[in-house]
Amino acid sequence: MTKEDVTMMILSAKKQAGITWEEIADKIGMSPVWTHSACMGMNAMPADKAAALVTALSLPQEAAGVLAESPTKVWEQTVPTDPCIYRLYEIVGVYGPTIKALIHEKFGDGIMSAIDFDMSVTRVPNPKGDRVKIEMSGKYLGYNSW
Amino acid sequence: MTKEDVTMMILSAKKQAGITWEEIADKIGMSPVWTHSACMGMNAMPADKAAALVTALSLPQEAAGVLAESPTKVWEQTVPTDPCIYRLYEIVGVYGPTIKALIHEKFGDGIMSAIDFDMSVTRVPNPKGDRVKIEMSGKYLGYNSW
Amino acid sequence: MTKEDVTMMILSAKKQAGITWEEIADKIGMSPVWTHSACMGMNAMPADKAAALVTALSLPQEAAGVLAESPTKVWEQTVPTDPCIYRLYEIVGVYGPTIKALIHEKFGDGIMSAIDFDMSVTRVPNPKGDRVKIEMSGKYLGYNSW
Amino acid sequence: MTKEDVTMMILSAKKQAGITWEEIADKIGMSPVWTHSACMGMNAMPADKAAALVTALSLPQEAAGVLAESPTKVWEQTVPTDPCIYRLYEIVGVYGPTIKALIHEKFGDGIMSAIDFDMSVTRVPNPKGDRVKIEMSGKYLGYNSW
Amino acid sequence: MTKEDVTMMILSAKKQAGITWEEIADKIGMSPVWTHSACMGMNAMPADKAAALVTALSLPQEAAGVLAESPTKVWEQTVPTDPCIYRLYEIVGVYGPTIKALIHEKFGDGIMSAIDFDMSVTRVPNPKGDRVKIEMSGKYLGYNSW
Amino acid sequence: MTKEDVTMMILSAKKQAGITWEEIADKIGMSPVWTHSACMGMNAMPADKAAALVTALSLPQEAAGVLAESPTKVWEQTVPTDPCIYRLYEIVGVYGPTIKALIHEKFGDGIMSAIDFDMSVTRVPNPKGDRVKIEMSGKYLGYNSW
Amino acid sequence: MTKEDVTMMILSAKKQAGITWEEIADKIGMSPVWTHSACMGMNAMPADKAAALVTALSLPQEAAGVLAESPTKVWEQTVPTDPCIYRLYEIVGVYGPTIKALIHEKFGDGIMSAIDFDMSVTRVPNPKGDRVKIEMSGKYLGYNSW
Amino acid sequence: MTKEDVTMMILSAKKQAGITWEEIADKIGMSPVWTHSACMGMNAMPADKAAALVTALSLPQEAAGVLAESPTKVWEQTVPTDPCIYRLYEIVGVYGPTIKALIHEKFGDGIMSAIDFDMSVTRVPNPKGDRVKIEMSGKYLGYNSW
Amino acid sequence: MTKEDVTMMILSAKKQAGITWEEIADKIGMSPVWTHSACMGMNAMPADKAAALVTALSLPQEAAGVLAESPTKVWEQTVPTDPCIYRLYEIVGVYGPTIKALIHEKFGDGIMSAIDFDMSVTRVPNPKGDRVKIEMSGKYLGYNSW
Amino acid sequence: MTKEDVTMMILSAKKQAGITWEEIADKIGMSPVWTHSACMGMNAMPADKAAALVTALSLPQEAAGVLAESPTKVWEQTVPTDPCIYRLYEIVGVYGPTIKALIHEKFGDGIMSAIDFDMSVTRVPNPKGDRVKIEMSGKYLGYNSW
């Protein structure tokens, strides 16, 4: 049983149950972003969360072990073609140097960690058309000198 | 006089004045992210903001016209090598499909606009090490059917 | 049942029925471009249109749900090799900067949306050889400043 | 004197005269799309149009000869990064197979020529936000069998 | 039944019959280059030629319809590795600008069509070693100005 | 003095003299294809031809030595963007496997040499539109077994 | 039965027989380099050699015909990752211009054929550590002028 | 003074002196392959050889130090376009797996070093056309296990 | 039975036995890095180590022969996407020129062998957060001159 | 004054003074790896170290400020061609998955930081040939779950 197998089981169980990612996340007491990512095999679940998910969606017990394994994170398109994901890539291209400059200004020479990291996606009502709000936060890591 | 020329003038004036991007942004009443991006030639300045910047940094008058021109947005590295920018690219690779799934769940079939878009970068104090917080918001655009 | 499965069913049903994309589009009251695109799995169908298509082509009920799912839009050739599609790529390469310049001249700094977008393909009789006419229209989106 | 030199002269003369591409196109009796493209060095001008442009913008006589030369059409980014041009590339990726299918349905096995080709870009007022309309037409070329 | 299936059938029938591409071409009254290309699924056959081929090689009737479909022309290696095909790629790299210059000199600004196109491959006896002769001819298409 | 320098001198002398590549080729008793190619620095000229060219175009004596040097053949675009050259690339993609199959059928396992090679480009009058005819011939080279 | 099938049969027969490539080459009276290459499907075997191999390794008769077919030579990694093969690629990168210069010095403007070509790999005892010796020889082909 | 500068001086001195790479190699008592490679800046010269070269070609003293520096070996074309060098790349593609298999058969699991390495290029007279002979030898390095 | 098959067997046996790579390495008296690498099919096992592993994990006898075969080392992502592996790639990008400069300073013109090579990965306790320590050692190989 | 300018000054001062990177590192009380990297513009120097370097090498005062700026880390070759650096890339390709597996085994799901990171390069005497030893250590960063 691979992570891909477990992802297929989750998608199928979710469809049958007619529930959302937010509801699945609620059931295991985690955020929707992290929950979806771990279900897609892009993050490892702590053992208790894996067990909770297996129970919540009535997956086979073996799936809990698989959900807890360290994943190998692979994406195949260097430049993503899907328009929804491409827009994020475009934002990195256009605003990447700006984010870098402001991190250096506010913190010093370093980066925002993509490992000690969390994120949320929310819907913000707006009379001119609702907006997608993405908030990400990562620990500042300063370069070492030695 | 090209956008690159004006960027060089701004960087030089900023260094000499010993001020930050936040202070420059304050002087023209805009956000630091947008201000830096426009100074780098990745966004066009409305005429009044361009004029304010030229005054604030004592740039030549011609620079105002150049700052107001529509830029051609170019980045040369398909995959950025700078670690600070690469981490953002990595986040798109790892969490892109998750953001897409949650946008579809919360809004329907569509995207977050990277044009009708804004962003902030802030420092969040944290006893385990301060964190970089990036907030982005873009108008939801639903796919047309016709 | 995946979007690929449904595409195969549609192609097979279309062949057996001996009808054209225009006729299929007529049956569901939509345009041929959008209909073909949604049948190829490159656009999501509103529930009523999916139901109409399933009825029109006698597809299994489950197909309606699949047609309504948000697709992940993927194309595998960065530069398309098929001559008919390559010519379109070539037009973007040759006339892209021109279209950009004229949008900036007529609207300001912004883009033509590829999401709030529609298109038609028609045959224009011409004594020197008939012509293909492609009309596309997308909402103008102006860059934000903030 | 190269095509790049002449492009620079035209851009400079246009800025000084404070005129638009549409006005330049009017002066030589051609369309704005073709005029801009030829001024950028992506199309060759017939001798009389080159002469008219040289007169209209007070360019040196030698420029007319250069404008009439056959250009080598080069674009350096396989996938364009500028958002305005990328959206066009995205449209080819998403709708390319659809355009191909409809051309085959309406004409037979062949392509829309990108050589015997013309295009316009117009602004269409719309209460929900004005729209960019791009119309392109190319001669249908059917594949030979021999 | 796909074009790949029909290609496999043709190759198998050809092997069993012990005939050459030239003989197959003769049977359907077409040239060997076009015949091979259409059998490989890189060109569409007119209905009568498809019928003739199906008869000549005793293929199933359904194959005739498949041979007549418009193909999607795909090649997977941007730079071909097979030495016989690479040499052709090399010729385009070395002599491409020369062919372009001579077309412009003899015809004006335009191209040789690869659609309204034909080609032959022949063996030319030569005491120093026989030579491969490739002749290609395509309609001259002049660029439009509008 | 490099090959690029000599190419620039030749182009300038040609322009001033108002002569064609065919006329230059005639002056040195060679074909237009080879002459243009050698003038572009893609082929080495035998000493007598280099001397003849230098005389015909009144180039400095040193240019003869440079024209006779072995060139390093470089093209920078893996896939050429210029439409006139791209069509040749497309022909290799579409018909490459066909040419290979026919060479194997007519000669055995081997290739057409791109070194012991010659080519011509001619204009063929045709009431439906004149055609470009390209003829290439290269020595057949059979694979060794040892 | 494809070339890949025959390669698998040969590898399996070789393993079972516990013989080396040198011994196989001896059995058919050819060199080890060519024999291995033809068994891998990268060269075509003359009919008698194919027959001899089929007998020597007790392969099915049909395999002889397959071994005699002209192969399509494909390698999938533009830059090979295997260290043993990469070192050869590195040698081409480092010494390629040197080999070119010495061929031009010793022969004139031309190349070493990779078609009319042979190679051997031998072990040379050496007290400081045995050495791999690779000898390759190819016919000199001089560029044509015409 | 960089390695590129010294290369230019050497090429210029060689041209003026009218000598060959073989003669230069003789003057410093080294092989032509290594000598050319070091002159191109792809190998470092031992101090005495650098001094000998400087004397032999009357280069400035500073050049000796530059010739002795460790070079950074860079080649810009992943796949070389020059036909003379491409043929070597093709040989690696076609025969790389064969060389690997024979090294493993004759030595065990390991590689031929490209560092403890030497090479010669010679002209071998042959009535059917002279041949280029390339001999390379590198120390066998077996993989470690630990 | 291929190396991939044996890797799958090892992973499955390891999971069932609930042991670590360090414990497997201990059982065969080798280091964990080398043991994992050989189990993944990236190194060949000496016959006795292969036999020991087969016994330790109760694999079928045939597996020992497969483990001893010379592997073809292939990695498919030129730039690895997994964050844990990418960080190593980043270190090569950032510190590669530094390592090169220090090797040249301490040894002369040469490299660290990646063949006669060993490595360890250890956990170093640290009050500010434990650290990963990677030690690699490879034989210095100096460039030949000849 | 850019980081490139300062790098050139340092290299020139180092050459003139005839000192090594180790000696420069000693002068500023830092390690040779970090010192070289910062001098190459791949790391930012703390103000006191920048001042110490400027004094030690008699650089202009302005250089201290430049050395302290946050660098943009760029490497241009996705796959490095220099053999000394390529071997490091190869080690990442061959042993990357092994390092990942052992980090996961010893620490849990996470990575070795390339930011909170240090490294040394030393020469280890060995009777069979001295060895290059590279030691790197980075803080373990575990993935967040939220």
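First chain written, first letter: the chains are A, B, C, D, E, F, G, H, I and J, and each begins at residue 1.
Following the convention adopted for this analysis, a contact is a pair of C-beta atoms (placed from the backbone, for glycine too) under 8 Å apart; a residue touches a chain by one contact, two chains touch by 3 or more.
Predicted model, so just to flag it, every value in this text is computed and none were measured.
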Identify the chains in contact with subunit A as well as subunit D, in label order.
-> B, C
Chain whose average C-alpha position is farthest from subunit F's own | A
Can you spot which of B-D, B-J or E-H is a repeat of the A-D interface, where more than half the contact pairs line up?
-> E-H
Equivalent-chain rotation between subunit J and subunit B, CA atoms, steps of 5 degrees | 70
Reference subunit I; chain at largest CA-centroid distance | D
Could you tell me the distance, in whole angstrom, between the mean C-alpha positions of subunit B and subunit I?
-> 43
Separation of subunit D from subunit H, taking each centre as the mean of its C-alpha atoms, in whole Å = 49
Separation of subunit B from subunit E, taking each centre as the mean of its C-alpha atoms, in whole Å | 51
Touching two or more other chains - residue numbers and ranges from subunit J | 33, 72-73, 75, 78-79, 81-83, 90, 93-94, 97, 100, 104, 110-111, 113-115, 117
By the touch definition up top, name every chain pair that qualifies.
-> A-B, A-C, A-D, A-I, A-J, B-C, B-D, B-I, B-J, C-D, C-E, C-F, D-E, D-F, E-F, E-G, E-H, F-G, F-H, G-H, G-I, G-J, H-I, H-J, I-J
Subunit E contact footprint on subunit D (complex, rising order) | 30-31, 33-34, 38, 43-46, 49, 70-72, 97, 100, 104, 108-111, 113, 115-118, 141-146
Which residues of subunit J touch subunit I in the complex?
-> 20-22, 32-33, 36-37, 40, 42, 73, 75, 78-80, 82-85, 87-107, 110-114, 117, 119, 121-124, 126, 128-140
Counting only contacts in the complex, subunit F reaches subunit D at residues 77, 79, 81-83
Touching residues on subunit G, where the partner in the complex is subunit J | 79, 81, 83, 86, 90, 93-94
Taking the complex as given, what residues does subunit E use to touch subunit C?
-> 72-75, 78, 114-115
